[in-house]
Structures are given as structure tokens and as C-alpha cells.
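For reference, chains read A, B and C in written order, and residue numbers begin at 1 within each chain.
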Amino acid sequence: ANPKSVAESKPSFPTVRLSGMMQADAAWFSQDAANLALVGDVQDGADFRRTRLSAVGKAWDNVGYCIDMDFGFGGRPSFADVRLDVEDVLGRNDLRVGYYRQPIGMDVMTSAREMTFLERALPATFLPFRQTGAMLSGSREDELATWALSVYRFPSDFYGGNVGDNGGYAVASRLTAVVMQQGDGPGLLHIGGAYSLIDPANDLLRYRSTPEIFIGETGGGVPVGVPSDLPPFIDTGNIDTEYTQLFGAELAAVCGSFYAQSEAVYSVVDQRGGPTLFLPGAYIHAGYFLTGETRVYKGKEGVFGRVTPQKSVGSEGGIGAWEIAARWSYMDLSDENIQGGRMANFTAGLNWYLNPRTKFQLNYIHADVWRAGESEAGILGMRAQVDF
Amino acid sequence: ANPKSVAESKPSFPTVRLSGMMQADAAWFSQDAANLALVGDVQDGADFRRTRLSAVGKAWDNVGYCIDMDFGFGGRPSFADVRLDVEDVLGRNDLRVGYYRQPIGMDVMTSAREMTFLERALPATFLPFRQTGAMLSGSREDELATWALSVYRFPSDFYGGNVGDNGGYAVASRLTAVVMQQGDGPGLLHIGGAYSLIDPANDLLRYRSTPEIFIGETGGGVPVGVPSDLPPFIDTGNIDTEYTQLFGAELAAVCGSFYAQSEAVYSVVDQRGGPTLFLPGAYIHAGYFLTGETRVYKGKEGVFGRVTPQKSVGSEGGIGAWEIAARWSYMDLSDENIQGGRMANFTAGLNWYLNPRTKFQLNYIHADVWRAGESEAGILGMRAQVDF
Amino acid sequence: ANPKSVAESKPSFPTVRLSGMMQADAAWFSQDAANLALVGDVQDGADFRRTRLSAVGKAWDNVGYCIDMDFGFGGRPSFADVRLDVEDVLGRNDLRVGYYRQPIGMDVMTSAREMTFLERALPATFLPFRQTGAMLSGSREDELATWALSVYRFPSDFYGGNVGDNGGYAVASRLTAVVMQQGDGPGLLHIGGAYSLIDPANDLLRYRSTPEIFIGETGGGVPVGVPSDLPPFIDTGNIDTEYTQLFGAELAAVCGSFYAQSEAVYSVVDQRGGPTLFLPGAYIHAGYFLTGETRVYKGKEGVFGRVTPQKSVGSEGGIGAWEIAARWSYMDLSDENIQGGRMANFTAGLNWYLNPRTKFQLNYIHADVWRAGESEAGILGMRAQVDF
């Protein structure tokens, strides 16, 4: 499909590929009395965390696109990436227009197909994630550094929409670099920094978070007074703010079959008629492949990528890749007049990659909550995932 | 794409195929005065019964997947099969994980693309149909017998979700065999049996059914007091039950262009604080191809399959396949303190298969209802179907 | 995939192609005081106007199909074309069954992928657009004339459904002809006429319209009393009618890089217990390609088609196609006892086609409204579009 190599024939655009994924989750909850009092009796459950169908391809030799729909979430199908990309704008940069993940946060820039744990770490709550906007981004030719600058509407809903005469505009930027690399081999040190300035539509902002698990669905027939979905454990309520700033710092390393990743995020909320809020979050996680694989680093994006077992289950006769991982994460939604609570999660994980496209995951999450007193919950979560 | 036959090249997984179908229905209702009083004035209507897009393929040489979304039903897109299949587990068996049809009932295990009538027979109401779980299944190498054992969450909603600390687990198993086969020719006798034990989430169970037709949509502007969708004709209301057992028996036969299929289903509901309920259902249907075709039997699944006309309409110059069919079905939702009513349906059907992928169907359904007295309704239904 | 040319092999049907499109819009509103009083303070916003995934292909050598889902609109995914087409019925005609655009109106028969402006002209409000039905249509072998006759249910909702014992049936027919053609070159004169007779379900009919822009989504957090989506500027409310007739006339011309298109539509509403209403609408638009392209005419459908730049942006090294366009449109929803208001829109447009599949559009719309006094609004709208 490269028009240059077949000069005599017409280019055969558009190209299209059908892609998608399924994440089938189940979770079991154990809560102490204080936690039961705080959020109600969270029910055990099973649900599809993500069920996606997407079309990706090239509309022309320099224009890519993606339309990715998620059917697993409540409400109408929510939008994953819906965007077009014009290549080679202002040099080697790409211009992206549409609904996409805003460039702040290494964890949130990592594909949901390629996460080490069932959910992203708590500080993701602070970050804009997918919003509607336009972004210019690029990477060094040797893929040792990336940059991105995006302007976007905030808050965009799960379908890319935003309204509001009062504000609703934001900007985000992220810079990453590989500061040490062990030849082409499996060793590197990644650093990154990001910033976002947000003027939220209608001056409203709200942060809230469940522990690092999500079961969104009910099967019907839930008795009165019992939560039918997972309630937030910490919650600021609506904050009246003219603008908010986000600061992010990233550090990640690979050394053979071991890798680690850590981020700190600060949200500085300029309250209207109230004091400025300083809300911090941070996490660190590490993983190790028992079967000798290495976590791939995507130099063009500055994030970790897909795990390919050395020997997949199937005709190759292997046992796939086995990985153990652990994470500690923390988020503080309490400052001054806003007492949204604090939460820390500790997660232990076991991942079995049958092949590059199929994995089973097991997480145990212990959540400590400081909100209206101290409370605790333990969660066992499982996932079966296939993507294509 | 078979990695064994091209040992030197890497396997090209994942594979993906876009599939789907459309069923455009129309129905006209005639009700006697008692039926009008029982369920209201059911409106004539037209609607898409199923509108599906799906991705099916192999994630690896031994892992298949399916993500099948239905846009024809009310609410957000409901899930058809969303699952992954690991082949050759514990011998020649498949391990299926996700949302799929639970193995009990020959009618409900038959693909919606390949049904003789517009809707499945009444006793399907008792059966779990699609639920979220894990299943081990297989067939004899000569495809003369099948087995399946599944554990699942119950009730899963139309999006594969289930919550509830109290119960919500179930098991189902189905065995089928071809006990007589006329060489490789179009004659065989199929028997089958199935069982399911269900501990429903939150101890709630409800059976209800319309006649064997379904028009779910409104075009807006329905006057007050007129049903905007098809109401159930019989309905148990919520039953408080600790566990429920299902028993199913199947009998089917093919003889040249003639085939017949029959099932009996028993639901034994262990009421909390009440007597055990015995709720039976049964149906028998038969079809005959005027144009000489034979109903294909899928030996690996123990169900009937697709009709392929001997000469399709089109460049083959044929008239397609013409089939006449009839069905009687019955379901009793009244026992002891639960008086949900009884219903019998008699259906006459005419099917025109233009080609293996396109058909037009005409059904006349006569419904007899015994609930708060006796009442009757007659329904004329039509369908245009294409699948791919 | 042509079975005739490979007589020894079996035909390889069904065929399928994944198609789709994205339209990402943003709009800014300016209203005078009277307009603010009439419809409230319309908020600036951004949204995906259309986000579509579809499967199109052939089920057999003479049967085509299309299943096209739109995820950009509110509510569950709305149906674009969902239909099957049997070719060569009663001569060279096609029989279409399903949910499709009813044959009345040149503007509404033009693909949403190939529109000159962001939205269709105001009179589209009168026309049935997509409804569920069956249509026989064809064109002359030299593609200089088209005809279509369709029977359909009305009103079908956005998912193809319709209910109602009282009415709900309609018929539409359209005839077009090319009356002058400059050889095979870029010059022609198109005329067309269409008629529809509608007996709406439950005797209810309602016309309402926004200006020629549509932002349907909210990002949440809209203050009380502020419209979260774009309200209709003119609105008849429900009209009680036994039947309604629509008359349409079309005129269009191409001359080199210039083209123009105009339509007049009349709705004659037979009110129950009230006078007959005569409601007119009309528009004229013209476009000119600064870069020398010509508007393609699709002779088989009697509408304009896709713009292909002479030199696309990308490896061809071009600047794409640049087009300027203007439109005036008018609709009157006031007659006798129904005082829904009148509106005129004037639109100036600038289109940049990077390649045949990607374009950016800029529209400025000035709306004059006569309803409870006179009021005005100005709207700046932008779109990024990719389709495949």
C-alpha cells in the first residue's frame, strides 16, 4: 500500500484494520466495619471491564485514524481514541485531532492492553486522560526523547463532548527522555515531566476514586440499600475553581527481567472564594518475569509496551510468560476546606501471558482509607484478557 | 495462517474477521377482549430484532475469540458472545471464558442466524442463555457425541455483569449423542440431556414471557396508556429462592428434507418460606424443504445449522430454498402460591432462503393464555435477514 | 470474488469491508438579547457529530448489505443505513429492505461524508430521512435518470423501530434527470421532483429545527438553567394530523469548478379538527473550487459525490483542494393555528480537502428567527473529518 514504491499504480487508500479487546473481570471484597459504614457493603461481582471494537488505518499516506469504541462501560458506548493524525507537520511531528489521552502521566499514557495491574494507579484520578483537543507531538529519530503539546476542552465527557461558555479550555505538555541505555539490550532509565493548566468548564472540578479495581455492572435484583456498583472511597465533591494546575514527574527503569516505574502528581487547585489546594499523589511499582522476558520500552511514546513470551502456549509448546509484580500508591484529596479523604493501596499481582495477545491476571489489593476515620478493605481481582 | 505448515515464517496472529447480521421484523397483532384486558392493546410494529457487528478470529494458534455486539435491542448495545477459547485443554477439550450461551437446551444453543422460526420456543424462558462464566466442552472425534460443563454467574445482565454477595453462582452441563445415522446421508437421530443448578444472586428469580414474537422499539408518539413495547403475557413476578434446578431433555431427527426437534424443560424452584415449585415447558417443531434441501446437523455442537439452497437466487439462476414448518410449544408458570399463568403457542412458518446468507420468513402465531381467565391472540410476523 | 469468472471454484461470499467516519466539531455562539430570551444562553461546545463504524459487502452475487452504526449521537448507537439490497429485481432495479434514507430531497440523499456544509439545509426538517421500509429503485443505463418508489413506516425511531395501530405508513417517490450534459466533461444540469404521502403513527407530527449546526453533547457540570444541548429555534409542537403530503423540487448545475444546488419543499398537513397547513422551505447553495477540482455527480443516485483533490497533501506534494461556498436557506413553521416560527440561515463556508478522505471545514452561520418577535444568532463552526 505504499504509493511511492508502485509509482505507476494509484495509491490504495484508505486502509483499515479491525481491532479490539476483551477484559473479563471478577472481584471479591472484604471490608472492615468502618469501611462498611463509609461506603456501604460493596458486593462481589463480575463484569467486562473493557470490550472494544475499533477501526484503525490510514486515510492517506500521511493521515492515520482510529475509531475505538468501548462497550464494557455503563451508558452508551464510551469513546476510546477517536482521532485523526496528520504526519510530518512542522518537521517530523504528528498533528492529532480528536479525542485522545492528554500527554501527562506515564501510567495513563500506557495502553490499557499492556498494563501490569488490573487498574492504573490512584494518581491517575488527577489526570485529564482522554479529552477532545489537538496535539502536536514527536520523538527524536533515535527514539531517546519524546515531546508533546496539546490544547483541549475540559471536561470532555465519555463521548468527546464538552459545553460551557465559562472556560472549558486546557493545555498539557509532556517531555520524556531515556537518560541511560545499555546498548540495544534490556536496560534503560527513563525520566519524564509534564504540566497541565486547566480552566474547567463552568468552574467545576471533582476528584474521586475507588480502590484500584472496577466492577461497574449489576445483574439486576440488587436489594434496596446495597450498592449496585463500586462507590468512590474518597471524593472531594464539586470544587469551585477558576483554574487548576497539574505537575507530573516520571521515573522508570528496566534491568533484564526486572522493571520499575514511579510517578508523582500534584494538583494545585485555585479555589474561587477559598484557599488554594495542594493535592498530591504518587505510586511506585515493580515487576519481574520468572520466565526471562523483558518489559519492552516504546521509545516513540515514552511508555512501556507489550509482553511477548519467549515461548507461547500452543504449538510452540511453551508455558508462556509468568510475571510477579507489586505496587504501592497513594492519593490525598484532603486540604483546607476540602476533606475528600486519603487512600493508600498496596497491590500484589501475578500475570500469566499465554501468548502476546492473551493473558490472565490476579491482583490482591489492600486499601487503607483515611476519611471520616480510618478504614480498610481487601480485594481479590481476576482478569481474562484477549486483544487483537 | 497455519504456523505449522510454514515453519520458517512467524505465525501471523492475531487474525480477525468482521461478521454481523441484520434481522428486520414486522408484526401485526389481533387480540380477543380478554387478552386486551390482560396485557393492553399491543400495537402493530416494526423493528430490528437483531443488528450485530462482531469480530471473530484467533489470537494465537490455540486461542480463539469472539466479540459480538447487538445494536437492535433496547438500552446500550447488548452483548452476544464475548469470549475467548483456549483449545486442547485437558485433551481435546476447549476452555471458554467470558459471556456465552450456557449449555442447556438445544433450541437456545442453536445460532440466532439459523433458527427455523422468528423466535425460540417458549421453554427458552427457563434457561439461563448467555451468562458470564467458564466452560469446558468437547466432542467425540467422529462428532457423534458432545459434552459440556460450565460454571457461571447468575443472573448476568445483558452486558455480562453480575453483582451480589448472596449467591450468584451456578453450574450447567449438557450431553448429546447421535444414536442413529444413515451413513453420511441426511438421516440421523439426536438425543440430549442437560442439567443446571442455580443459586441466584440475592435469592431472586423471575420467569416471564411474551408469545413467540418480539417487537421492542417505539417510533415515539405512543398515546398514554398504550403499551410502547410488547408486554409479557405470563409472569411469575419475583420468586424468593435459595436455589433452583433445571432439567432438560432433547430429541431431534432428520430424514431427507424433513426434520423435527423437541425438548422438555423442568424448573424446580426451591422457594424460601414456601413450597417447592415444579414448572414445566415443552415444544415440538418440524420442518420440510419443498426444494429438496436437508437440515444440516453440526456434530461438534449437537445442534442444527445453516440451510444452503441447492440453487441460490442470482447468477446460479435458482429459486433458493423454500421451507414450511410448524411448532407447538407450552409453558406453565403457575404452581402453588405462584400463579404466573400458562401459555401455549402454535406457529406455522414459511421460509425463503435466497442464498445461504439471506432469507425471508413469515410466521403466524396463535397464542392461548390461561392467566386470570383464558385469552387468545393471533400474530402475523415477518423477517428479512442477512448475515455475513 | 466473481463466481462467473472462476467457474470451477465456489463463490466466496459473503464479502465484507469495514468502513466508518469521524466528524469532530466545535462551535461558538453569539446571540442577541431577543434570541437569548427565546432559546436561552446556548453554550459554546465541542462534540463528535458523527462517529461511525459499518460493515458493507455482498451476501451473495446479487445481494448487498450495509450495517452502519453511529456512536456520535446521544442515546444508544443510532442507526445509519441498516439494509439489504437484492439486485436485478423487475429488470435492472434494486429492492432495498431495512432502514435507509427515503427518496425525497437531493440534500438529504447526499452522503453525510460528502456534504458541502456542516449540516444539511433547513428544509431537511420536513423530510422523512431514514425510515424503515422497502424500496424499488433504479437508473437508466447511461445514468442520465433515476427513479425510486418506497413504502415505509413513519415515524421510525433512530433504531429503526415503529409502533402504532393507528397509521404509521407512508410512501415516497423521487425522479431525477440530467437534462443537459457537456459531453463527459464537468458541466451538467440536474432536475428532480419527489412526493411523499404520510399517515403518521398515532396521528402525531412535529417539525422543529436548530440553525444549521449541531452540538449534542455535554461534558457534565452545566449550571442549572443553562441549556446542555442545542435547543430548537423553531418548533411546531405536536400537530394532530390524519395524513401529510410532501412535495419537493430540485435543481442543480455544474460548470467547471463551480456548482450550485437548490431545492424547494412543501409540507401540506391535513390537521384533524383544524385547517390544512401549508409549510414551505427552500435553499440555494453554490460552491467553487479554488484549486480547479470539479464536483462529481453520481448518476446512479442523482446526487453530488466526493471531492478528490487534484494533488493531495502528502507524498504527492500538493495542497489539497480548497473550496469556498455559500448557502441561503429558509423554513416557515407558522401557518393558521400553528405558530412554530420562521427561520432563515445564511452560511459562508471554507473547505480544505487534504485528500479524498480527510477534510477540515469552517462555517459561519447567521440565523434570523421570527418567532415571538425577531431575533438573531451568529455561529462559528469547525469540523475535522476523516472517513474510510
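A few remarks follow.
As a working rule, contacts are C-beta pairs under 8 Å (C-beta built on N, C-alpha and C of every residue); 3 or more make two chains touch, one makes a residue touch a chain.
Computed from a prediction, not measured in an experiment: that's the story for all the values here.
If you sketch which chains touch which, every chain touches every other chain without exception. Judged by shared residue numbers over all numbers used at their interface, chain B and chain C contact each other through mostly different positions, with under half in common.
One copy, chain A, sits rotated relative to the other, chain B; on C-alpha atoms the angle is 120 degrees to the nearest 5. Here the CA centre of chain B is 38 Å from the CA centre of chain C.
Residue positions of chain C touching 2 or more other chains, listed in rising order: 18, 53, 76-77. The touching residues of chain C, when paired with chain A in their complex, are 17-20, 22, 24, 26, 41, 43-48, 51-53, 71-72, 74-77, 215-223, 228-229, 312-315, 354-358, 384, 386-388.
Residues of chain C touching chain B in their complex: 3-4, 13-16, 18, 53, 55, 57, 59-63, 65, 67, 69, 76-77, 79, 82-84, 86, 97-99, 132, 153-157, 159-165, 168, 200-202, 204, 238.
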